[in-house]
Structure formats: structure tokens, C-alpha cells
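Pasting the structures in now, so scroll down.
Two complexes, one shared chain (chain A), two partners (chain B, chain C).
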Partner chain A sequence: MRKLKRYASLYWLFLLQRFKVLMEYRVNFLIGASSTIFIQAASLMTVWVVMGQVPSLNGWTIDEIFMIYGLLTLAKSINHMFADNLWTLGHEYIRPGGFDRFLVRPINPLFHLLADRFCHDGIGNFLVGLVLVMRGFENLSIPWSLGNIAYLVLAVLAGGSIFIALNLITCVTSFWIMNSVPVTLAVFQTHEFTKYPLNIYGKMIGVAMTWLIPYGLASYYPASYLLGRDVGYMAWAMVPVAAVLLAAGYRFWLFGLKHYGGTGS
Partner chain B sequence: MPIIEVDDLSKVFRLNQKEPGLRGAFKALFKPNYTDKVAVDHLSFSVDPGEIVGYIGVNGAGKSTTIKMLTGILAPSGGAVRVLGRDPHSQRVANARDIGVVFGQRTQLWWDLALIESLNLIAKIYEVEPARYKQLLDQFSETLELDELLKVPVRQMSLGQKMRAELAATLIHEPKVVYLDEPTIGLDVMVKERIREFIKQQNREKQTTVILTTHDLGDIEELCQRVIIIDAGKVIYDGPISTIKDRFGKYRTITFETGSASTAGLALPDGTELVANEPRKLVVRFDRTRTTASQVAGALMEQADVVDFSLAEPDLESIIKQIYSGALREEVAV
Partner chain C sequence: MRSLRRYWRVYSAFAANAVKLMMAYSVWFWVELLGQIFMLIIFVYFWKAVYANTETVSGMRAAETLNYILIAQIVAPLVRWSLILDIGGAIRQGTVAIEFTRPVDFQARWYVEWTSQMLFQAIRLALPLGAVAMICFGLRLPADPAVWGYFIVSFLLGNAVLFCFDWAFACLAFYTTEAWGLHILREGVAAFFSGALLPLQMLPGWLQKGAAFLPFGQALNAPVSILTGITPVSQAPAVIGTQLIWLVGLFLFSRFFFGVASRKVTVQGG
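Right after this comes the complex of A and B.
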């Protein structure tokens, strides 16, 4: 408990310092935070244009698709804001030697890595996701019940954890390989599929995005649940899957650390 | 009781030898050809609390690798390390509270943060008690002249400013053991002096144990009573500096100023060598185990018109150079 408090207050301090720096580069901050909004807008336009041609996609209306899209974006933004620094593990810490610093400080090195750089670009993603989901609640007359709100929060946190865990697993490879970014990118980019209902794809992709690279658990299933489409237990699968992936990711991280202790590079 | 114990410590790096080109890269991937690089080779030594030990050797001798094992960054491939009774690698976090590390080539401060913000953050990470922190900050600001730097982000600092800031950050939690890996690299004389003063002061007031690697023997002469010299991962000397000077400083030089220009065909005593013979200047090097300064001076005065002469003390630099070059290696009994 004391440990939790200590880490929470440390995170807060890191965050404050980070914002101080960001305020120093105010223009950068605004561009960064809003650039994601523009990127999202372009991507949303595509959905809108496509959906303008067909009234529904395998039984999904445009508003419903925006709901899936919004949930995914919220989950992704959690990762983007709090765990974006994972991407840089190899080229900004291990290769230049700065990673050693984490190992001579009395705090958890993974915490240190994550706390070192809160990524403000994720704020834009968060806002876009939030607007889309709120709009979905309104347009599709989903009741703002306590149960639904709690479910929403749970789905976003678990979905965010799935994003973080998968990035963690792929980024830990930088303990062995020179450049892990292509590996991380290859896995990460598959989330694009899950911006749309999984039932529009062939069976393979649907299964892959549910069980293999389970970004679908962060979007398609929670959206289905909120829209009253029966997906059974799958509506809750994101919670245990996120827990298992996070545990596996952390284990793998520890394994990478052990390897680092052997080679120092 | 020693504060650091190093027992038969080794570190072997396994390198995957790649042949050049794409073919080589593929071969390295599927049929790796490993070679072992022994960076640290069965080292043993121990350090008592409050000692300042110079840890020196040529480039690639294994100094940084040793420091990385002492700090817990690397796991030993063989042997054992104990720092304050703990194994630094397996008890890394506990060990980290009691140590401070400077890697001269890199900073531990946040690039974009003003120094004071970095220090605040570090104090929180190490849970330095706030009142104590304030006290230390005042004290460090004075000895390291940090006042004007506190508001400056590290990216805007000069090398010397950065290193002063770095030392403050390393010692702000009053570590019991401090590892300094080339803390004076690239600094001017004034900054070096200030940094040495600071290290001495911390050691004197708090009994801080210091392990210092450097290529600047001035650091060693000013700070260390004891020096460990390593070569190819092995200890080749461990003892007081004065002993090295006595035992290995067997060559001394005498510089003579002469009145007449011609000094050809000099007969010199055994164990003496003419290093320079210029108009009005003669430099003679002699082995003091074979002859004495007075013999050399006497011989020269008989043959040349000596106006003045001076005897140079053996300087550490040239002795170490000889040890490094291997000339004295056989002689060095560990």
C-alpha cells in the first residue's frame, strides 16, 4: 500500500515535470495534441464516404460503426498517453546506454520507462474517442445507466491494457534485436481491422483479431454489448485476456532484463 | 569489515561474429559463430569504508565492465560481488539506495528539465527527507557553484556545468558508495579542481567510499591513497601510490644547462642514457637502482660546462605509462 502511494506520487511528479516541459514548447504541444485529431478526422471521413455508398455493412449502420471506432480509439489512447515510451526502449534507452540509469535507481525500471514520458499526442485520440462514444450513446439511444457507464470504463481500461501489453511484448524484443520498431508496428497496425465490425471479414481475420492479436476485444465486442447485440460471455472477455496479457508481458520484460544483465546491450 | 568485496569475478561477453555483407548476416542468423570476449578475468579485491580507490587501466581493460557489475547493472559470469553485504545484481533495488554512479559520458539528468527540477525528482526517487534535501542542496550549490545553473535545463549546459550538476545529482541521497567512471573527462583544470575538492569533501565528511576510474592521473594523485591497475581484465597492481613510485619509478631525469655549445663524446655512468642533447641543454635519464643522482651529476660536471641542473621527481604519468606498456609487468607481483 505504501509502495502504491509512493509510485502514484512519483508518477504525478513525473507528469508535472513533463507538462512543464511541454508548456515550454507550447506550439509543439498544441500541434502534437491536435495532430492526432486531424489524423482521426481523415480516417473517419473515409468511413463516412464508404458508408455513404451502402446503407449498412453486414447489418451495421454508420452510427454503430462509429461506436466501434470510438471504443477502439479510447482504448488506443490509453496506451498512447501512458505507454508510448515503450516504442523508444531500444533506440533511446538501450542503444545509447541510458537504460543503465534505470537499473541503478531504487524504482521499478518499467515504471521508470513509462513515467519518463507521458505522451500528450494521445490526448487528441482520447478526445476523439470520447466524442464518438458519447455521440453513439445519444444517436443510438443507449441509456446512460450506471451499469453502462461502469461497463464502458471497464472496457476502455481493459482494452487499453491489451494495447499496452501487446506493445510491451513486441518492444521487449529490443533487448535482443537492433530495431524492434518494425516488429511492434506490424502487430500494432492490425488494430486497423478492429475499427470495423469483425463479422465483415472472413473467419480467419475475425478469429485472429479475437484470439491471436485480440484488439477486437476492445472494440467489436464491447460495442456489440452496449448496442444490445448478444455476444454472450465475449462481452467480458477483454478483462481476463488483458490480465493474462499484462502478466505475460511483464514476465517477458523480466526475461529481457535478465538477458540485458548478461550482455549489457 | 570491507564495504566492497570482489571475489574471483569474471565477465565474458559472447559475441556473434558476423562476416560482412548480406550473406554474412544470414550466416550469423542461422549458423552463429560465437566468440567469447573476456572483459573481466578472475578479479579479486576488497575496499574498506571511507577509502578512495583509483581504478585504472588502458582503454578496454575492463574498468567500466567491473563498475557495471559492482552497481548491479550486469550479472557476473563467474565469481561474486558483495557491496554492503548484498549481491548488487540480484538485490538491485536495495543496492541502488546506497550507491551513486556517474558515467562520465552520459548524464542522469533530464535533458529538458531545469536542473532544480531534475534534482527534485531524483530526491523523490531516493526518498530524501525534505529538510535534509534542502540542506544538501544549499551545501552542494555552494561547493559546486550551482546557483546560476539551477534554473538552466541540462541541454543548455556546457560540459563542465553538466558534470558539476551530475555530481550533485549523484550525491544528493548521500550514498555510502560512489562509483565515478571518468568523471573528469573533457573538463578544464578549474572544473577538475572543483570536482576533486567536492569528492574529497564528501569523503571526509561522510566517509563516502569512492571507486574512481579515470585516464587523468592528476585525479588519482589528488584523491586516492590506493590504486588498482588492471590490464586485460586482470589486476596487475593493487596498493598505495607511494609504493608504485618507489618500486617502479626507477628512472629519473636530470636536466643540465650548459655554458658551451659543444658536448660531444660524453662518457656516462652505467645505467644512464642521454635523452636529449641540444645546444646548452642536456637531458639525462638514469636508472636509480644502478647509479645515483650525484654520480651522474658529478660525471657530467667533469665533462661539460654545467651552469645549472635540476632533478625531476618520477611522475606518476610516466610510471603508469611504463606499466601499461608492459615494460614492468613481469616485475609486478600482485
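Right after this comes the complex of A and C.
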């Protein structure tokens, strides 16, 4: 418990430092924070144009699709804001040799890596997701009950953890191959599937995005639950899956760390 | 004649180098291919679900739309240029100063490099993607050589248009000294208005008018519409004429603006 408090206050200090740096370049901060909105706008406008002409996509209305899309974007934004530095482990830390710095400090190296750079680009994603989900609650008259809000928070946190855990697992490969970005990207880009209802795809893709690379647990199932579509216990599957993946990711990280020998630079 | 030979020698060396640079990062190629195959799958299922309840969307039938989307997604990675980031990077790091002292035209050199990389990408990425689309998703390609001829001309012209636009747009980095935001803004607007995600013909009237004022459709929607037959062969010369007007206008503007903006070089003490 004391350890947790220490790390929380440490994270706060790191964040403060980071914001001091970001505020030196205010325009860049604003551009970065809003950048992801432009990228999302293209997909959202496509859905909007198409869905304006057909009543539903395999039984999903435009509001419901935006709900799925919004939940996924929220989960993704958690990863984007707080764990984006995982991407850079290979080319920013290990290859130049800066990673050794983490190993001689009296804090957990993984914590240090994550805390080193809060990524403001994720704020845009967070806002897009938030607007889409709030819009969904309004348009589909989902009650803003305490239970629903708690479920929403849980789903987003668990979904974000699934994103973080999968990135962690793939990024650890940089302990061996120096640059893990292509590996991480190969897995990460499959999340595109889960922006839309999983039941429009063939069964194989649905199963793969639920059990193999479970991004679907962050969008399709929580959205179904909030919309009152019965998905049974699958509405809660993101919690244990996120926990297991995080634990596995951390184990793998420790394993990689043991094999880390520095680059000699 | 002699100077023509010199041009050829100089610029073909730049072209060869650009391609070699790309080949050095082969892992990226596989990841990009995989990602693009994912996009093909997503779009095919998305549009199949759209057409499950309706015969036509904006007058376009399912087969027509699917064919358009498949080709658009095969062509899209070819026109996903990061020119703005590269020029912005050159400005930021100060290497742009070296470019000014070189005895070759800065813009021409970059155009040659970019085009050669794009053509290389077309062989390396578009061919396998096309094969996947034909085998798995029933992509149909026209047999008429005239259509192919118009497509290729329109594709090259459209890309030259985009190159000139990006060039002029990237010159804003001389003032902002920051290219990332410009790049992202351009990516987002282009993703939608190039017609990579849906045929521009499907947009509501006011958005179509907006799209016509932007150059992005020239690089993707125009050639892909010719190849899929959405634009009949008889109208192809008119499309190419429009592209030529775009090209001349943007070429002149990009030269002019570069001349003005480059006087504003700020070297960041790096």
C-alpha cells in the first residue's frame, strides 16, 4: 500500500514534468492533442454517409455502430495516453543504450518507461470516444444510472488494459530484435476490425477478435451489453481477460529483461 | 541533347537510390501488406453488410461498389505519401540548407525519388494485393487496353497533382517549423476526400462540391473510377483534362510559394 502511494506520487511528478515540457510548445501541444480527431473524422464521416442511406448494418443502426466505435476509441485512448512509450522501447531506449539508465534507478523499469512520456496525442482519441459514447447514451436513451456508468468505466479501463497488455507483449520482443515496432503494429492494426460490429464478419474473424486478439472485448460486447442485447457472461469477459493478459505481459517483460544485455553503445 | 542525357543520368541515380532505401526495410513491407489485407477484409465485409438490405446506394450496385473499394484500397497505400513530414523534417533539422546548395532542382529531385518509390511500391504491394483481391474477393479488372491506358495516365497525373499540393502545403512548415500537425491534418482530410474509403460519387451534393475543390480525389477517385468503369471511357479524356488544369495550377503555385516561403528559413539551433 505504501509502495502504491509512492508510485502514484512519482507518476504525478513525472506527469508534471512532462506537461512543463509540453507547455513550452503550446501550439504543438494543441495540434498533437487534436490530431487524432482528424484521422477519426474520415472513418466516422464514411459511416455517416453510408448509414444515411441504409437503415442498418446487419441489425445495427448508426447510433449503435458509433457506440461500438466510441467504446473502442476510448479504450484505445487509454493506451495511447498512458502507454504509448512502449512503442518506442526499441528505437528510443534500447538501441541508443538509454535503457540502462532505468536499470540503475530504484524504481520499477516498466513503470519508469511508461511514466517517462505521457502522450498528449491520445487526448483527441479520448474526446472522440467520449463524445460518441455520450451521444449513444442520449440517442439510444440508455439511462445514466450508477450501474451503467460504473460498467462503462470498467469496460473502458479493462479495454484499455487489453490494448496495453498486447502492446507490452509485442514490445518486449525489442529485447531481442532491437526494433519491435513492426511486430507491435502487426498485432495492433487488427483493432480496426473491432470498430464495427463483429457479426458483420465471418465467424472466424469474430472468434479471432474475441479470443485470439481480444480487442472485440473492448467494443462489441460492452456495447451490446449497454444496448440491452443479450451477450450473457461475455459482457464481463474483458475484466478477467485483461487481468490475465496484463499478468502474462508483465511476466514476459521480466523474462525479456533477464535476457537484456545492452547494446554496448 | 547532351543536357538531356545528363538529366537522365542524374535523376535515374536518385530514383535507384530511393528504391534501394525502401528495400532496406523489408520487415515494414510485410507488415504493410498484412495491414492492407486486413483493410480489404474489413471493407469487403462492411460493404457486404451495407448491401444486405438494399439494392443500390446512391445508384451504385453492390458489385460495382465492392470493385471500386477493392481497387481504391489497393491504390491507397501508393498515394499515402509522407512528403510533408519529410520536407518538414528537412526544414526542422536544417538539412534543407544543403538542398539549396545542390546543383539539381530540389523539387524535381524529390519528385523523381517519390515517383520511383511509388512505382516500386505499385509492383511490390499492389500486385500481391491485387492477386489476393482477385482470388479471395472476386475483384474484376477491365480487359479494354484503352481503359488501362487512361487509368495509368490519370493515376500518374493525379499523383503529380498531389505531389505539388503536398509540396506547397509542406512549405507552411517554413513558418510553423512543425510538420507533424500539417501532416496529420492532410492525412485526415485526404483519407476521406480522396475516395479511399468510399466512392466520392456517394457523397451528398454539398460534400461532393467540397471534394471537387480539393485535389485529393484527383489522385485516387479519378483513376479508380476510370478503371472500374464508373467513369465511362468516353468521359476519360475530360477527367484527364481536368487533372492537367489542376497540375498546371498547383505546379506553378508550388514553385511560387516555395520561393516565397524558403526566404523564411528559421534554423533551430540544434
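Here is the rule we use: the second predicted complex is superposed on the first by the 259 of 265 C-alpha atoms of A that agree within 3 Å, B and C clash if a C-alpha of one lies under 4 Å from a C-alpha of the other, contacts with A are read in each partner's own complex, and residues count from 1 in each chain.
Simple rule for what comes next: a contact is a pair of C-beta atoms (placed from the backbone, for glycine too) under 8 Å apart; a residue touches a chain by one contact, two chains touch by 3 or more.
Keep in mind that what you see is a predicted model, and the values were worked out from it rather than measured.
Asker: First (chain B), second (chain C), both or neither: which does A:Leu15 touch?
Answerer: In the superposed model, A:Leu15 contacts neither chain B nor chain C.
Asker: With the two structures laid over each other on chain A, which partner does A:Met134 touch: chain B (first), chain C (second), both, or neither?
Answerer: After superposing on A, A:Met134 lies clear of both chain B and chain C.
Asker: By residue count, is chain A touched more by chain B or by chain C?
Answerer: Of chain B and chain C, C contacts more residues of chain A.
Asker: Could you look at A:Val153 and tell me whether it touches chain B, chain C, both or neither (first, second, both, neither)?
Answerer: In the superposed model, A:Val153 contacts neither chain B nor chain C.
Asker: Looking at A:Phe38 after the superposition, I want to know if it touches chain B, chain C, both of them or none. Which is it: first, second, both, neither?
Answerer: The answer is second: A:Phe38 touches chain C but not chain B.
Asker: Could you please specify the touching residues of chain A with respect to chain B in the complex?
Answerer: Result: residues 6, 9-10, 13-14, 17, 20-21, 24, 96-98, 100-101, 103-108, 258, 261-264 of chain A touch chain B.
Asker: Quick one: in the complex, what on chain A touches chain C?
Answerer: Touching chain C from chain A are residues 25, 27-28, 31-32, 35-43, 45-46, 49-50, 52-58, 182, 185-186, 189-190, 192-193, 196, 200-202, 205.
Asker: Using the touch definition from the top, list the residues of chain C that touch chain A in their complex.
Answerer: Residues 27-28, 30-31, 34-35, 38-39, 41-42, 45-46, 48-50, 52-54, 57-58, 176, 178, 180-181, 184-185, 187-189, 191-192, 197-198, 202-204, 207.
Asker: So in the complex, which bits of chain B are touching chain A?
Answerer: Counting only chain B, the residues touching chain A are 13-14, 65, 68, 71-75, 77, 89, 92-94, 96-97, 99, 101, 103, 105-106, 108, 110, 112-113, 117, 120-121, 124-127.
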